[in-house]
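Pasting the structures here.
Below are two complexes that have chain A in common, paired first with chain B and then with chain C.
Up next is the complex of A and B:
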């Protein structure tokens, strides 16, 4: 078991090094990615700030709570963009072109090889903005010690749930082959998850909480951080994670069986 | 090493008529059809063999390779490679095989090949000493020591193919699948790759399964040929027996001192291949008629040069593809 962990860790570190080597080849592209991410963060935060310049409250939340939520979502997004996002685009390309063949030959878990191999170093350096804003508004809200201890693990939990839902969706690519639609669907689900669940009402809220539980990703952890008695959402996240991985394990096997590669 | 019985792979695809209306129709209703890319294929390959899979485009050679290496799952039949069922994709199995595809690269495009090799070292858990030793040996054999630090996208096709081969051999696979490894290369680069494969195989006794459109690859490397036509095996045997499918024939090449415009049917029985100026002809002559035919040619035509050799495998292939019924006797 320890040997396996060392093997995977060794490969992952090499993925990071290889991605950095690739990213550093195109220096202007590297810088533009940093600027693009910063603009995205600022536009998200700026939109909410603008709203609160005109209204005192949205739902039950004032500016500090909402900005804390947005920063929490952006912290998840930052890790997602840095460590996983690129792999989804690459996966669809690999299926269409048959380059997945080489990944299937590697002596490692294929899910790991597919979804862990692309890291975006340019985005990695942007952690300052979401985490700076998160800490600033956390301090303004007077978060207690437990909340500060829990905040990073909960960001990881949110990232895991988001990623699991996306992997599950991406498996459709084995059958659809053309994947632009699936990738855009993923992006829309991310957008939905970046707002607190009380924004949504009726069927949409039920659907995105129970069926496609993207509303749990940011809302459940932030509710808990702001009020520790609201922990039920975290259990729901655990349940959703478990269910996602059971489905992933099942459909991944089916997908690999259906994979037809591409002519050479 | 490799045993398959009744192996088959079907692919499903739909037909679409061209144009807007065709697209609209196929969006709502598709008529699918199944096509057997490989059908009822039996094969047994022993340790250390070098086997050439021959056949035209779409014959099913690459599909076979992909089934052998576990990339795709067979639709029917039994398959065992090195005691494993390939499509179960056990890690132990994947460590024992390697696949080179002439038309697809496994190297990272935007970094030097060396960075990809370091990643492969981690994938295959090759210890540092072995890694350095193998890297040194392979790069020296292939003459690419100075290209290791060059970005892959900046390498020539020949250099890239050498790197692809290195990437496949760093973990010392027991079986090496080579799917058109010399495609698109110039004659010199083809020969370099061939020489390397021959040398490597002689040294490590690796089992090699090769597909190639260049008969020179197969002739230079393989002792055994498996001919695949329409997804089925049509010939399996030593390369020296392959040319005998057409009967015992010799390849005769005659160069004339002047253009031959003789309309007689003298040549017709020898499958003549003329050059444009009709000053040279290649013939397939049955061994029994060799003496009489040679005498007749020398007496009747202004011969400048007359050469005779074993029938080239390329010629046999062309004849078989044009007349598949010739294979009936070989099956």
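Up next is the complex of A and C:
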């Protein structure tokens, strides 16, 4: 087991080093990615800030709570964009062109090979804004010691759930010929998850909590961080994670049967 | 001569129309999906703000007025802000524009014909959405002169959007990937155009600065024209947008000429 973990860690390090080498080749692209991410962070934070210039409260949350939630979502987004996001675009390309054949032949877990392969160094170096804002508003809210200990693991939990839902969704790419739309659908789900669940109502809220549980990603951890008695959402996240991976295992096998292997 | 030229345009528009409809699910998710989801989030957000807080008015908007603003903002997004230059950049990078350098139908004409067919599809989508909203009772009455005026302005915005997308696509002469520039443009324009919050909610100093940029004219102005509530000078809005179109048009020419000097016709 330990040997296997060491093996995969070694492979991942190699993935990282090739991504850093590629990023240093296209320097202008690297700089533009940094600017793009910063613009995105500022537009999200700016929108909520302008909103609170006009309203004192939304639901139970004042400016600080809402900004903390946005920063928490951006921290998940930062890790997601750095370590995961790029792989989905590649996966779509690999299926369409048949490049997946070569990945299937590697002596590695194929899901690991597909979804851990691409890392975006430019976004990785952009950590100051989302994490800085998260810490700033955490301090303003006076988070207790337990909350500070839990922040990073909960960001990781949110990231795991988001990634699992997206991997499950990306299984559709085996059946659609052109998969750009599936990737756009993924991005739309991220957009929905970047707002707290109390802004949604009725069927939409139930659907995005129970069926496609993207509203748990940011809301459940932040509720817990602000009020430790609200831990039920974290269990729901665990359940959603488990269910996602059972479905991924099922649809992955089904998808591979449907895969037409365009290059062979 | 003119009719031969027209026939080329018509044939290209038809081919492009069919191409875009070949992957219908993809078109739905790629072009219509983002606008609809963006609308859904804003609709939920504003409904929650008004309902949870029991607020009557924010910057002169009551709930129904704010929802009308967001519905028209969806229509403007569908009519004017859907085009992207993905294929254009790929054509340049993969060396596929070589053919257009010798064809009797140049690259700009080919891309513009593609844009026109895309625009046709978008107009159909926007009309269906509008009828749907009207049928559901979200829009009580449609005032025809405002509708015509708003549509005319939105079509000009749409051409401006295309010009900027074309310019971004041309950056492929220098850049490996141009999608970063496209995302930057969309992020900035969503934030500064009043697509998320009506511009009345923005600080005064920012509005004064924005008046010189094309951004307020991309969403806020056409939405207010559709609503029949535009209080600014309409001629100034037209002039500012047209001036920006001239600037971007000239830039397109310049960048194309400079880019061609660098073009290596990859794969030839």
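In this section, the second predicted complex is superposed on the first by the 262 of 264 C-alpha atoms of A that agree within 3 Å, B and C clash if a C-alpha of one lies under 4 Å from a C-alpha of the other, contacts with A are read in each partner's own complex, and residues count from 1 in each chain.
Criterion: contacts are C-beta pairs under 8 Å (C-beta built on N, C-alpha and C of every residue); 3 or more make two chains touch, one makes a residue touch a chain.
Note that the structure is a prediction, hence the values are computed from the model and not measured.
Asks: Under the superposition described at the top, does placing chain B and chain C together on chain A give a clash or a fit?
Replies: The answer is fit.
Asks: Could you tell me if A:176 is touching chain B, chain C, both of them or neither one (first, second, both, neither)?
Replies: Touch partner of A:176: chain C, not chain B.
Asks: More residues of chain A are touched by which partner: chain B or chain C?
Replies: In the superposed model, C touches more residues of chain A.
Asks: Is A:102 touching the first partner chain B, the second partner chain C, both, or neither of them?
Replies: Only chain B; A:102 stays clear of chain C.
Asks: Tell me the contact category for A:35 with respect to chain B and chain C: first, second, both or neither.
Replies: second
Asks: Quick check on the superposed model: minimum Cα to Cα separation from chain B to chain C, whole Å please.
Replies: Closest C-alpha pair between chain B and chain C: 5 Å.
Asks: Name the residues of chain A shared by its contacts with chain B and its contacts with chain C.
Replies: In chain A, residues 26 are touched by chain B and also by chain C.
Asks: If you look only at chain A, which of its residues touch chain B in the complex?
Replies: For this pair, the touching residues of chain A are 7, 10-11, 13-15, 17-18, 21-22, 25-26, 97-99, 101-102, 104-108, 110, 256-257, 259-261, 263-264.
Asks: For the complex, which residues does chain B have touching chain A?
Replies: That would be residues 11, 62, 66, 69-73, 87, 89, 91-92, 94-95, 97-99, 101-104, 106, 108, 110-112, 115-116, 118-119, 121-125, 151, 179-180 of chain B.
Asks: Give every residue of chain C touching chain A within the complex, in rising order.
Replies: 23, 25-30, 33-34, 37-38, 40-41, 44-45, 47-49, 52-53, 55, 58-59, 174-177, 180-181, 183-184, 187-188, 190-191, 196-197, 201-203
Asks: Can you name the residues of chain A that touch chain C in the complex?
Replies: 26, 28-29, 32-33, 35-36, 39-40, 43, 46-47, 50-51, 53-59, 176-182, 184-185, 187-188, 191-192, 195, 198-201, 204
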